[in-house]
Every structure is written in structure tokens, then in C-alpha cells.
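Order as written gives the chain letters A, B, C, D, E and F; numbering starts at 1 within each chain.
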Amino acid sequence: MSNEVKAHVSLEVKDQITNLLYQEAYFLDNRMYKEWLELLTDDIKYKMPLRETVEGVNIDNISVDSAFYEETKASLRTRVNRLYTKSAWVENPATRQRHFITNVVVEAGDHEDEYKVRSYFLYKRSRGSTTDLEEMFGQRNDVVRNVDGEWKVCSRTIIPDQAVITTMNMSMFL
Amino acid sequence: MSNEVKAHVSLEVKDQITNLLYQEAYFLDNRMYKEWLELLTDDIKYKMPLRETVEGVNIDNISVDSAFYEETKASLRTRVNRLYTKSAWVENPATRQRHFITNVVVEAGDHEDEYKVRSYFLYKRSRGSTTDLEEMFGQRNDVVRNVDGEWKVCSRTIIPDQAVITTMNMSMFL
Amino acid sequence: MSNEVKAHVSLEVKDQITNLLYQEAYFLDNRMYKEWLELLTDDIKYKMPLRETVEGVNIDNISVDSAFYEETKASLRTRVNRLYTKSAWVENPATRQRHFITNVVVEAGDHEDEYKVRSYFLYKRSRGSTTDLEEMFGQRNDVVRNVDGEWKVCSRTIIPDQAVITTMNMSMFL
Amino acid sequence: MIKRELDEKLIQQLKEKMDEGLLPQWVITDPDIYELEKEKVFSKTWQFLAHETELKEPGNYVTRWMVNDPILLVKDSKGEIKAYLNSCTHRGTQLCTADRGKKKTFSCPYHGWSYNLDGKLIGIVAGNKVYGEEMCKDKWGLRKVPRLESYQGMIFGCLDPEAESLEDYLGEMKWYFDMMLGRSDGGMEVIGLPQRWVAKANWKSTAENFAADPYHVQTTHRSTVEMGISPEDPLYAGYGHQVVMKNAHGINVITSKTGRSRTEFQGMPKEMWPMFQRNLSPEQADILERVTVFVGGVYPNLSFVSPVHGTEGHLHNYLNFRVWRPLGPDKVEVWCWFMIDKAAPEEYKADAYRGYLGSFGPTGTLEQDDTETWARIVEVSGASMMRDKELNYNNLSNYLMGFSHVKQDESFPGPGVAYPTTYCDALARRMHEHWLELLTVETSVKEETK
Amino acid sequence: MIKRELDEKLIQQLKEKMDEGLLPQWVITDPDIYELEKEKVFSKTWQFLAHETELKEPGNYVTRWMVNDPILLVKDSKGEIKAYLNSCTHRGTQLCTADRGKKKTFSCPYHGWSYNLDGKLIGIVAGNKVYGEEMCKDKWGLRKVPRLESYQGMIFGCLDPEAESLEDYLGEMKWYFDMMLGRSDGGMEVIGLPQRWVAKANWKSTAENFAADPYHVQTTHRSTVEMGISPEDPLYAGYGHQVVMKNAHGINVITSKTGRSRTEFQGMPKEMWPMFQRNLSPEQADILERVTVFVGGVYPNLSFVSPVHGTEGHLHNYLNFRVWRPLGPDKVEVWCWFMIDKAAPEEYKADAYRGYLGSFGPTGTLEQDDTETWARIVEVSGASMMRDKELNYNNLSNYLMGFSHVKQDESFPGPGVAYPTTYCDALARRMHEHWLELLTVETSVKEETK
Amino acid sequence: MIKRELDEKLIQQLKEKMDEGLLPQWVITDPDIYELEKEKVFSKTWQFLAHETELKEPGNYVTRWMVNDPILLVKDSKGEIKAYLNSCTHRGTQLCTADRGKKKTFSCPYHGWSYNLDGKLIGIVAGNKVYGEEMCKDKWGLRKVPRLESYQGMIFGCLDPEAESLEDYLGEMKWYFDMMLGRSDGGMEVIGLPQRWVAKANWKSTAENFAADPYHVQTTHRSTVEMGISPEDPLYAGYGHQVVMKNAHGINVITSKTGRSRTEFQGMPKEMWPMFQRNLSPEQADILERVTVFVGGVYPNLSFVSPVHGTEGHLHNYLNFRVWRPLGPDKVEVWCWFMIDKAAPEEYKADAYRGYLGSFGPTGTLEQDDTETWARIVEVSGASMMRDKELNYNNLSNYLMGFSHVKQDESFPGPGVAYPTTYCDALARRMHEHWLELLTVETSVKEETK
């Protein structure tokens, strides 16, 4: 996103978009995956590239040829539906998840009903009676769109801050 | 809280209520417990149920019959006063605490001067010269009320994300 | 900062100042150190005292005679320029950093174009292929100033929550 | 494969010092000692698992731990309680990870083997097609905890098939259990789930702190004095009797300077008093009428406290049981149960629960200060001056309170050796002596793995 | 300096139980066993490092790990691949911490010594001025991994200079590698970086789960059945052959009830089929035409799966290799590579990659449920009832599937001992027997450090 | 109870290699070696605790650590400094957890025992009522650190009552301490608290890096060259002398190509120079006038540096002392003190402090790059190819710099063996030889615990 903070996004819009991100987190943290899915447009591009360790100054360390997620609405729906079966063991018993969303910056997008949204995420998870708390963190670059008065995410790129993931799996959405 | 984000809370009110939560955190993190107490109404209901691990899909895992906190203003005052004695060893020398409050969502409440507020908390603590950092996290469901122009918390339910707490004690308020 | 939350800061100003803090974090987390430097006034006072463990109630535990940072714009520029050399090994290969900024409270300052800003920071870092995640957290007391329509930080005091730092070094800016 | 054992020289040294009322400090968090403890203390003694009221109906289950052994406790179709290793017999996968629930069949998420409430292996996916006759289903049921017995609704398990019976193990403590747990018609009931948290502590220190150390109350909990809740008299928690029993169990019957609590029957509702008298022997009823606090423990890692809280008119009593589950030499997972007389009025129960939350458990203001002292012991226990096995540094803990001058009070009506004060290290000494006895019993296992 | 070894008694016990198709559970995460494994399994066997397509041009490098040994793998100026310990010979500093890249010289951030692609020490700052003749540069080049060989583009390293050649080590597995990796002109290529994450698991369990346990599919992955993606028939993953090979390698050739997959050649584009037939022997081509899934492993810690995903018309096949890098008795760093035929259409590759992400790797819905079962094994493995070495508690894992009644299918065309079903523990038994053989080989090292 | 010791074979091997200027790499982070080091190095040698200016008035105290021993350092009523184990003698509870403060009495939060500044047990709650005559108060005062001595205001403690005196232990280093610490009237003073942070490192590496390795400066700190702060000449940190002393202490006196620093007396204010000359011997004054940087260490874990920073006109000098407190084989808690001449102008002190923050300590740009190399050593030190005790992999660190051709410079005026360059491994070799000597001294303790 550009460096100077553009002022021309109204506080109301910003508030509504921020609410969208919080509502998303709430649905995910309360196992309302189907409701979450409704907050994504049908043409959602949901990506999560790998992050690598690279030598040099002023280099990019977001992998362009490897990913954890490269999803469409259809593939996300399959993942979500699975979580409602009786045998998705990774979430049954359900883990306790929390998506802390901070540093939200909103900017005008390429189309007049779209906005670019940058946010930071800190994800925490607790499982069963274990005492080791899992976490993941990084940045999300979204595009949100106003669809008949409802805000929805139409593009999301999740950038993790680790080269080696330390959660025992990545069953979570981010 | 209901799923669609209601628009009819003014940004001013939202700003003031968010400030209330931040001010609370600031008082707690700077050992101003008596000032903190002033931000709670006299009829405050302050609860923290246990969280359990439960089998099944679409189940609730917030315990209905066990708790960590079930406090009134009176019992909170007793706890606060204790922290001003010379022999509340758990906080003397004082630990260094931090309450990160995020994902704040405000909604109209059941009475016209009340609002429902959902927030996430990430609590961190450092003690003496130890190098292991303690943490706890979860969700808070509050009701805040405007009392003669001052915002106060009149109901708080703290939902922890762990079945087994990993802080060496729970001397903190959340 | 004073205890009652002053209302007389406009939401616009607050939004702009919050954006400044987020933009700062974004620059630091994306290794745009020179851009970051531009967000500080030339007379910036950048300090980070030690935090100690002290006995007693109602005592202060922020060290007055020892520090981690006591910087001017000039000394910060030297640190920044160093990070653009080929042999600043601590950041080459670059670590992956994240500054979570929360609990932002803005208040009128001592001069009419200045505001007092309190924020909490949670700093996370991941290095190479290591699986242990480093962190630091605490509070920042800033003064921001409007310089020809641009918001800049003219004073920052960083208060860490640990007496013993657990990051393998403090190469990060906070 | 690495051999761990106490050599003769160290055993002698420990014995000698204990005979003088002293305990070498290196044993508290020594990692080799900890390995020995898991094998020789916790695999041989009875450990508390649950109270019968936690399993109301057939199919109800709770999952518990005996140190590192995951236990599945179920009420079977006949209403009998069974305890199994919570691990699938096929490849060892943890069978059930929920805290509690109700079901008829437990089935494993790995290959689908399923077991009924009797632990019988009742389902093997495609079993008949893939297994031959060497697969004898009956041999692959859930592994039973070798011993499971209960007393006054308190369910205990033991990993040693040869262990003495629970009643023999509890011995004299039964009399006090009868008094605390049997005073009301219908007995006691557990409310909710036990609270669980991980304290920085060694299990020996927490067990001693709770069961054998009323002396700490006057300082650790001095904030209650500062707040005018407890009397100024530093001896206030010392009035009454400390009773030392077989197997290092013990109880402190704390009354007050007058020999009586400021309130009869721990402030339980007056209408319940006749019931207490009916259910108890005259001696037990008399103690119950006069006592302020019962606090004690069943060796090795069950402790309990039955206090009175509140202000006149709003006094509450309850029974708090806790298990100190060791997670390492310097870590304890505390399991904290709230128990109350089934026969008590519902509103009284609710008030007592709130009173409990204010005092004990992780949010209890009394317990909070205990956690600080527990931590301060383990956090310095790595010191060479404390770990030194040659005792060059006088690294001995002091258990001299009441060592020579406090004599048994023969007049005390309850079983066990009673001393006329609770400011007394007699019980703590007994616990540590018993610990050494257990550690130095040669077990066949030990022999053979050498 | 502490001596770790399996005593005769334990070895005998393990042998006896394995002969009955049983494995004592205490070995899974025993910390002393883990130390032995690092020395006797992972320092003696061939481990997968990379695929040739990860190093396209001279100067390309990747950094990898052989358990705790950091490896720097480079393509030198002559186009040859070299493997070095990624550690400066001066004082041991890790030389390169990047995941991959391209350079001509590796120089150390500590004192600036630099090495070329041949591992030669080519630069010592002020060397001539500060070092005398005893400093013989040639003796201080990067330390080579003792053995480095490749087969079908798969690069393996071994820390034992005396080890048999990679081809001998792979033995019969070569025939299956030819089939999976050699079917297409130009072979296979790796896309991107391997995904890496840390699972809660023991490496023996993950290797067994992947290479030798199609039986788990019907339950662990039952959600695919619930969703109508997999058939209801619980035997669906059992049709086909399990092949056990020398050195405990193995493969499962899963077809279907009909003996044929619902699609030929794993749903690869029709236009590629003739190429497959040209590159493969008739037997290999026949298997490839009929197979649904290949899944297996190269001992000790390389596993692979080649499945078919998607719906008619949009079927995709790919090859997933993974290394289980042990980080401890209960931790595995999984390295997960996506491989596809170089000759496949680009769009097909992209679709297959997305199909892979949906099924395997940390975000794969199949693998997610595997991670839960892996964790449930290690999380209870500390139980005394499981750790007990006297087996008083029947703490034995069950490997009886197909133990006596499943006989070799001589008609299977591929090398190795083939059994006519994949619901069979033959391979798992072989893996654990081989593990014990390796652990009990007396090495000179062991001798001398005693 | 587990026996740890270096067997003869390993000792021989280590000796032989060190005689050739080589150090087997397996010793760096070997966990058994670490246990030995705690016992044989850190329980036998003198360790730095504090500077006298940190305890100005009676009642002032600071809490410190000697590896795992918590130390309470107080100035008593007579103004004498005393060092106690910071642990209550009753049950071992840590007595004081504050970093510094002022008080007359230390009382324990567990049972309230209290001690005065002389460590005397002066208060036992209800003592007369609860303890008998076997409780002899005088025997239960705070445990003194066996040895406590100071030189030039530097306070050291030692856990070995039999140790040689601090002055004997420092030996030749006293002459250099006199030069650095005794140059000004009123000596040096510590500003504020020491900075503390946990580095990923082994204490042997950090001690060597700081005290014995100016050679690393040209590469680790090359960014200063890139920025034009340091000269291009890679030898720039090599001019001057490296001095090796008894007990493996040492110092590097770095000047410049010309043999003189670009500024006299390290850029201290001109008005102070006559004072330096008055307080120092002509030889010391001459060195101080010509030196750019002093950097060295007192074995085992105290290092120091006295550099010059800034640009002409704004040059600053200060003295930085640091203790490398081991927290494990791969963890060091660094304690970093800033010291400056009491007699220096206040403004100069403030500027020097800012200069220090820019260079050393966790936020120092020089130290930051050091922390990266320290970490890169321990992070790969688990490699079998480095841990291998048979040295099959040439896993030897190189200490050949100046091994044969650099001869002592007899003309150097200071005590100790001086070499005419600081790019020299003589001191590092001495440190590691001394380490082995200490490790292989048979102690009675060792004997008896066998």
C-alpha cells in the first residue's frame, strides 16, 4: 500500500470495514464457519504464500512459487462443510481459537465500491487439556467490496511471519 | 451478539466506549486498582466461567456450573483493597502486566443508555527477573452504561480460551 | 496521562494519528526504515528506560538512571543507515518482525498542534528457520505533532514490561 | 536405560538429617529424584481421581490424570464406576480428550476401534476380514487401572496391583473423612468441574504447605490481618490439634484461643446441626461443633481444607479438595474441587461457592499468595549452595518446630497421634520420612532394569 | 559421557514381542531411545535431502537438515551437486541461514573466512599476515557430507562413510521409483519450496502412519466418506497390494474393489499415457494404469504419496514426498514437497498444486486429521502404564493385522514381498524389526565411548 | 545420582588436540559438559557480583546471581559489604526478589522469619512459643557466600572456601585493573542498573569472543567499515598487544598502525590527563595515552571493553563490564554495566552513556551483530558431525592464529605474556586449556557422589 495515509476514506466506511474484520474473527472463533463464508464474495481469492529466509538487503521474502492456501469460494466451502461432519477430528473436540486483528488501515481501492485493507493478525489456539499455546502471526492484505449494502472480502493474501510453521497443523482460517 | 453488524451506534459513542476499555486496561496495567473500580457500576456483574473440552459439533464449551470469578462490586472492592496492603505478596514486588484489548464491537443494548460490547483480550505478565512470560487470552462480553455522562461497565463475562490455565495464579483482573 | 478520557479530540484527528502509528509499524515490519525515519520530527526524543523489580506498594518501577535507548534523530539515522549496509548481520538475512499496536488513546498536548498519545505494543519476531518466537511488549507514551499537514512523532518513551529482556538482542525499533 | 538410584551414602545422610528434624534441600527439585518419585511414590500409592457425584448416570465419564497416566473414569450400565487407561489398546492413541460427557461407546479416531463402558473391545473396523485367529478381541479391551476403590464417595486409583486396600491405606484418616464427608444425609456433592491451573512449584512443597503448615498462615496470609479479617494474634492459626497418621496422612483441627470457633458447626445452617449430630459420633460432633478450619492431606498428593468464611450472619463453610499433579520437578497442575453438603440449601451452596472463589483456587486471594511462595522455592532450588549433596553450605530445611518439646495429647478423641498445637512440624517430618521410605524400597522393576 | 544402551534383557523382550506381532509401547518416546536413534539410525542410514530440480543452475543452493546436522547443498561450477556441513570450519558458525539462493562464494559473518562452491577455503582475512605454516588452507575446506548419491533425481545423503551405496540401499524400491519418478520424459519437478511445520509426533509413528497404514484411512479420514468423496465400503483403502522390501522400505499399491482405479493412469492427461507406456516396462505400465494411490516410504524417515483428487473431468494426480525430521522424542519437523511430471501441461500442474493444498501438507484436510492422531499418541506416551518396561500392564501396540493368515501374492509383478491387501501390518512390523536391528548393532563409536 | 565425568580417553584426546591449537567442537554445548562446568568451573572460581558504587549507603542492597545461586549483596550498618545466599534458611524460599533497594531487615513472605543486614536471624514469628531449645537461632542466619573480596571497587564472590585470594586469583590482571579503574581520583562509578538480556549462546563462546578475539571485528563489525566509521585496513583491530595471564585472564591493548590512537587518553577531557599521569605509573600512563581500545576478560565469565566512540571533538570513552551468566548450554544471561570516571564532567558522562547505548548492550549496533554469530554457533552445535567424539568428521575448531610464529614481545611493559598483535589465538587457547584443567581436577565432591 502507498506510504502516505490517504485521508479520503470516510470514518463511517472505515468503521464498517473494521467491523467486518472483527465479525469475521468472531465467527471463526466461535465455530460459525458457514456464517463466516457468507462474508466472502463468490469470487474470493484467498491466498497464503510461504515466507522464506533470504539473504541480502531490500529483498522480498514472500515466496512466489509456494503456498499454504490458494483457495476459491468453492474450495473454502468444501473445507467449511467438512468442519460440520462428525469426523473432522482436528476440530472435534473443537480447539479454542482466537484471532486478534490489529493495525487496520483502509484505503480506496481500484474500483469505486472496493477498498484495500491491510491488517495484522495474531492467532492463538488452545487444544484439549494441553498447556502449550499455539500461535501464528503476520499481515493480511485484503480487498473488500460493498455488495448490495453488505461489506464482503473479495481478496485476501495472508503473509505469515515464519518460515517454519509451529502450529501442529494449519486447520485454521486466517 | 447478532451477526449482522448494526450501523446505528454513532462513532462518538463507540469512541467513548472504546476509550473506557482502554482506560480500564491502563489503570490495571499501572496498578491503579481503585481508579479501575470507579469504572464499574455498583451493580456490576463480573463473571468468568470455566472453558471445557467437549466432544461434538455445534456444541457449547463454556461451563455453566463452574467459574473462576463470580463477583459483585463488594467482592471486587475487597480484592482491590487487599492489593493496597503491604502483604499481598503476589503483587509485592508488583508484577508487570499488560492488557491488550482488540476486536471491539459495540451494539445497542437492551436499555437505551446501555450498549453491548464485545472485545478480545490478550493478557501478558512478567514477574521479577524470570524470563518465562505468562499469558492468557479470550473474549469479554460486556454491557456498558452511561451514568450521568460517564461510561461504566455494568456487566462483564470473561471467556478464557484455555481449559487448563497456565498462569501460576489468577491474581489479575480481566 | 490524566485519568478521565477527554472528549475534545476530534475523531478525524484521532484517526489520522492512529494511522500514523500503524504506518510506522508497517514501515518497520517491511524493512522500510528510511521511510519510518521520515515519520519522526527532527527534534525527536526517543527513549526506552529499563524496567525494574521494586518492593512496596504504589511505587514506580521505571528506572530513572538506566536505559536501552536514548536517541536523537541523528543517532537513529545512523542506526537506520547501518541496516542498509551489506554487513548488518543481525538483519541479513532479515528477521520477520511484527509490531502489534493496540489500546491507542489520544489526548490534547501541551501545544495546540501537539497531541499526547498512549499506545500498547506487542512485538513479535521470527528468525531464519528457528521455531522459537521472540517477543517483547509494553507501553509507549508519545507526543505527535502536525508539521505542515503531516503527523510526526516528536517524542517517544518506550516502557518495556520485562526486567530481563528475552529477545536475543534489541535490534528492533519500537 | 540410564540407571537412577539413591546410593547408600545419600540414603544414610538423608536419614540422619531427618532424624534431627532437618531435610537436605537438594532433594526438592532434583531431576533424578523426580524420576524416582514417579516410579516409587506415584506408581505405588493411592491417588484421588474423582468424587462419585461427578458421575451421576450410566455413561457419564470424566477424564483425569495420575501424573502422566491418562485415566478414563466411567459409570457403566450397572452403575458401577470403572477406571481405564485412556489409551486405545491398538496403538496407544489417547481415546477421549473431552473433560466430561456421556456416551455408550468410546471409539478411537485413528483406526476406529471401539470400546463399551465395560472397556470391552466391541468394534474393529472390518475386523473379521483383516484379522486372523491370533487376534483375540477379548485380550484387547481397555487396560484397567489395576486398583480402583472408594470411600465416602471419594474414588481413588492405584497403579500397583499389590497395594493394600484403600481403606487400609487411609487407615485412621477414615474417621476424619466420616466427619467431613459423612456428616450430612446424602453426603457431599461436587459442584461443576475442578478448576485447573499450572503452578510453579514442587509437589512436595505444595502438599506440605497445605497439609502440614498452618504456621505459614500468619505471614503468607497476613493481608487478611491487615484487612481486619483475621486476628492480630500471630498464634491464631495455631490453636487446636495437628494429627499425624499412618502412611503420612494428617489433619489440622484449628479452633481458636478459646478452643471453640466463633460459630458452631462452621457456620452451617442451624437446621442442619441435628443432622450432623445424628450422623456423627459424639466425639466427631463435638470436634465439628468447635472447629474453625480442617486442613490436611492424604499422602502423597491430595490435600483438603474446610474453612469458614464471611461475616456473622453470612458465614459459609465448604470443603475444598485438591490434587497436586506433578508435571515436572518445578511444575504442578493443581486440580481444585468445590464440595458442599448435598443437604444444604441451594442458596447457601451458591453463596459458599462465591466464598470459595474469593479465597481458594487460582482466583482465591489466599491461594494467590501461596503460589508466590511455592514459586520462590523452586526458582532458587537450582543453587549449588542448595543442591550440594555434601552439605558444605548448611543447605538444610528446618523442621524443628515442636521437635522435642511438643508431646502427644492423649486426650484428643480422634485416631492418630494428636499434638496440642497446629504450629508443629510433626506432620511435615512424617511426610518426608515416608517419602524416603518409599524411595528406598527396592522394587523388582528397579532390580531388573539395572 | 553418560552411557546409553539397550541391555540384553530389554533387547530379548523386544525381539520376542515383535515375533508375536507386538511392540512394547515404552519405546515410542523414550528419551534414551531417542538418543540411541540419533546415533544408530540417523547417523547410519540414507536420508533424503532434495530433488535435482531444486538446484537448476551452478551456484544454486538450498539449506537442509539431517536431524540436527545443517546441510548446505550446492550445484558447483561443473553442474555437480555437493553437500557440506553448513558450518564454518574455523569455529563452527552456521555458514548460510537462507533457505535457498544463488551465489559463488559463501562467507562467514564471524571472521570472514570464505568458501567456493567446491567447499574450498578460498579466503582468510589477512591470512598470510596472521597465520603460520601450520595453517594449511587445504585442510580447512567445508566438511563434506560423507556420502551423497542420487537416484531418479532424488538426492540422498548419509553420515556413514561405510554405508552401502544408495542404489543398494534402495534395492527393490528402485523399481517403484522408476515407475513413479521415471514415467515421464524429463522426469518430475519440484514446485516451489517444501512446506515446513512442526508436528507433535514421534517420527516412528508418522513414518508408520504414512508408509504402512492404509487401514487408518477409513476412520481418520472418514470425513471424506461423510462428505461423499470416499466410498462407504470400509475396505476401500485396502484393495491392492502392500509390498515389503529390504531395509524396511515399502509401498502400498491401492486400486479398488474391481482391481482398477475408476480412472486410468491416475487421471493424468490422456495424451501422456503413451509416454508412460514408452518409459515403463509392461508390468509397471499395467500397475500405473490400474492404481488409485501409491503410498509408501524409504526407511527411516522419507514417505511419499501419489493420489488422485477431484471429480470426473477434473482429476489430478501428483507426487508428494515428505521427510519426518525428528526434533525430539515427541516433535517432528515435517518437510513436504510437491512434485509433478515436468511434461504435464502447466495448467494441469497449477490445478494439481491446488488439489495438493486441499489434501496434504499443514493446510490439507486429510493431513489435518492425521496430525491429531499423531499428537494423541505422544501426549499420553509418558504414562507409567505405557512406559513400564516389565509389560505388567499389557502395554503393547498391536501389529497383528495379517500376521498369520495373509500370505504373499507370488503373482504380483513388482519386486519385494507383496501381500494381496494393504490392510496389513506386514510393513509396519518390518519397519520396527529393522529399527531394533539398527539399534542393537554394536558400533565402534559406542564401544569406545563406554 | 547420575554419574557424569570425562573418561580418560576423552581427556587425552582433548589435551592432544589443544596442544595442536585445535578444540573438538562437541564440548561447546554438550549437556553433560555443562553439568560438569557448573560444578568444576563456576563453583570453584571467582565471579564478579557488583561494583562498590552500586551500594552507596548502609542498607543498600542488590540481588545478583552466580549461575543458579541467588545472591543478596548488602552494605551493612558498619558500611561493610556482605554477600548471602538469597534464600531463607527455614525452607529455602527466595528472600528478596527486587533488583535493588534499601532496607534494614529482610523478612520472608512464607513464615515471616526476618534477618538483619548482618544476616543474623532476628525474628521468628512466635518463636519462643513454638520452638524448643534445639532451635538455636544463631545457627540459622543467612548463608554467607563462602568468599567475598574486592579489588579496585570490583566485588567478587566465590563458592569455594578453599579458593586462593581474589588478589592472587587476579594476579597480573591487577596491574591492568589499576590502569583502567584506578586512573582517576575517586575511581570509577557504575551508572544505573546493569542491562540484562538472554542471548542464544554458550558462555565459552561469548567469553572468547569478547576477551580473546579482536580478529572478528573486521568482519562481524564490518558495517562500521561500510559506514566509514572504521578504517578499510582489515588489520585495524590487530595493532597492539594481546596479553595472556595466569588463570586464563587476558587483555588486548589495541592501538593502531602508528602504535598510537588518533587521540590521546582515549579522548578523555584534556583536564583529566594530568590526573591520570599522577595516578598511574609511567608505563601505565604511556599505554593509556596510546591505546584505542582495551578489551579482555577475567576467567571464567567476566569480560570488559573500554573503547573510544564519536567524532573528533566529540569523542567519548567509558568502561563496559559484562558477566556471561550461563542459563544452559545454549543460553547466556548477559549483565552489562556502564562505568565511567567519577571525576569526569557530568555532561561527558551523559554523552558517554549515549555513546555506549549506540555500540554495546542489547541495543548497541556492534553487539547486535555479535549476538547473531553467537547464536549461529549454538544453533548448529547439535550436529552429529560436530558432536562426534571420535573426530571422524574433522570437527575441530581452529585456534591456529599465531600458534607457532608469533613470539612474545619482551619489551611490553605490562605483566603477563604479551604478543605483538591482537590477531592471535594465544589467549583463546589458554582459556580452553585452563577450562580443561579445571574440569579434570578431581574434587572430593565428585569422588564421594560416585
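Assume contacts are C-beta pairs under 8 Å (C-beta built on N, C-alpha and C of every residue); 3 or more make two chains touch, one makes a residue touch a chain.
If you want to know which protein each chain is, UniProt gives these names: A, B, C = 3-phenylpropionate/cinnamic acid dioxygenase subunit beta.
Computed from a predicted structure; not experimentally measured.
K.L.:
Tell me, which chains sit next to both chain B and chain C?
P.N.:
Output, common partners of chain B and chain C: A, F.
K.L.:
Comparing residue numbers, which of A-E, B-F or B-D shares more than half of the contact pairs of C-E?
P.N.:
It is B-F that reproduces the contact pattern of C-E.
K.L.:
Taking the mean of the C-alpha atoms as each chain's centre, how many Å separate chain A from chain B?
P.N.:
26
K.L.:
For chain C versus chain F, what separation do you get between their C-alpha means, in angstrom?
P.N.:
Result: the chain centres lie 32 Å from each other.
K.L.:
Between chain A and chain D, what's the gap in Å when you average each chain's C-alpha atoms?
P.N.:
Result: the chain centres lie 46 Å from each other.
K.L.:
Distance between chain D and chain E based on Cα centroids, please, to the nearest Å.
P.N.:
Centres of chain D and chain E (C-alpha means) sit 47 Å apart.
K.L.:
Two or more other chains in contact with one residue: find those residues in chain F.
P.N.:
2, 97-99, 109, 196, 198, 219-220, 222, 333, 369, 372-373, 379
K.L.:
For chain A, which residues are shared contacts with two or more other chains?
P.N.:
Within chain A, residues 11, 53-55, 85-89, 93, 100, 102, 122, 128-131, 163-164, 166 contact more than one other chain.
K.L.:
Could you list each pair of chains that touch, in label order?
P.N.:
A-B, A-C, A-D, A-E, B-C, B-D, B-F, C-E, C-F, D-E, D-F, E-F
K.L.:
Going by the contact rule set out above, which residues of chain F touch chain C in the complex?
P.N.:
Listed in rising order, the residues are 96-101, 103, 191-200, 219-220, 222-223, 225-227, 333, 338, 353-354, 357-358, 361-363, 365, 367-369, 371-373, 375, 379.
K.L.:
Quick one: which bits of chain B touch chain A in the complex? Just the residue numbers, please.
P.N.:
Residue list for chain B touching chain A: 1, 3-5, 7, 11, 14, 51, 53-59, 61, 100, 102-105, 118, 120, 122, 135, 137-139, 161-164, 166.
K.L.:
If we count contacts the way the header does, which residues on chain C are in touch with chain F in the complex?
P.N.:
Touch list, chain C to chain F: 48, 50, 52-55, 63, 65-71, 75, 78-79, 81-82, 85-90, 130, 163-171.
K.L.:
Which of the residues in chain A end up touching chain D in this complex?
P.N.:
Of all residues in chain A, those touching chain D are 87, 89, 93, 128-129, 131.
K.L.:
Residues of chain C touching chain A in their complex?
P.N.:
Contact set of chain C toward chain A: 11-12, 15-16, 19-20, 22-23, 25-27, 29, 31-32, 35, 83-86, 88, 92-94, 96-102, 122, 124, 126, 128-131, 133, 150.
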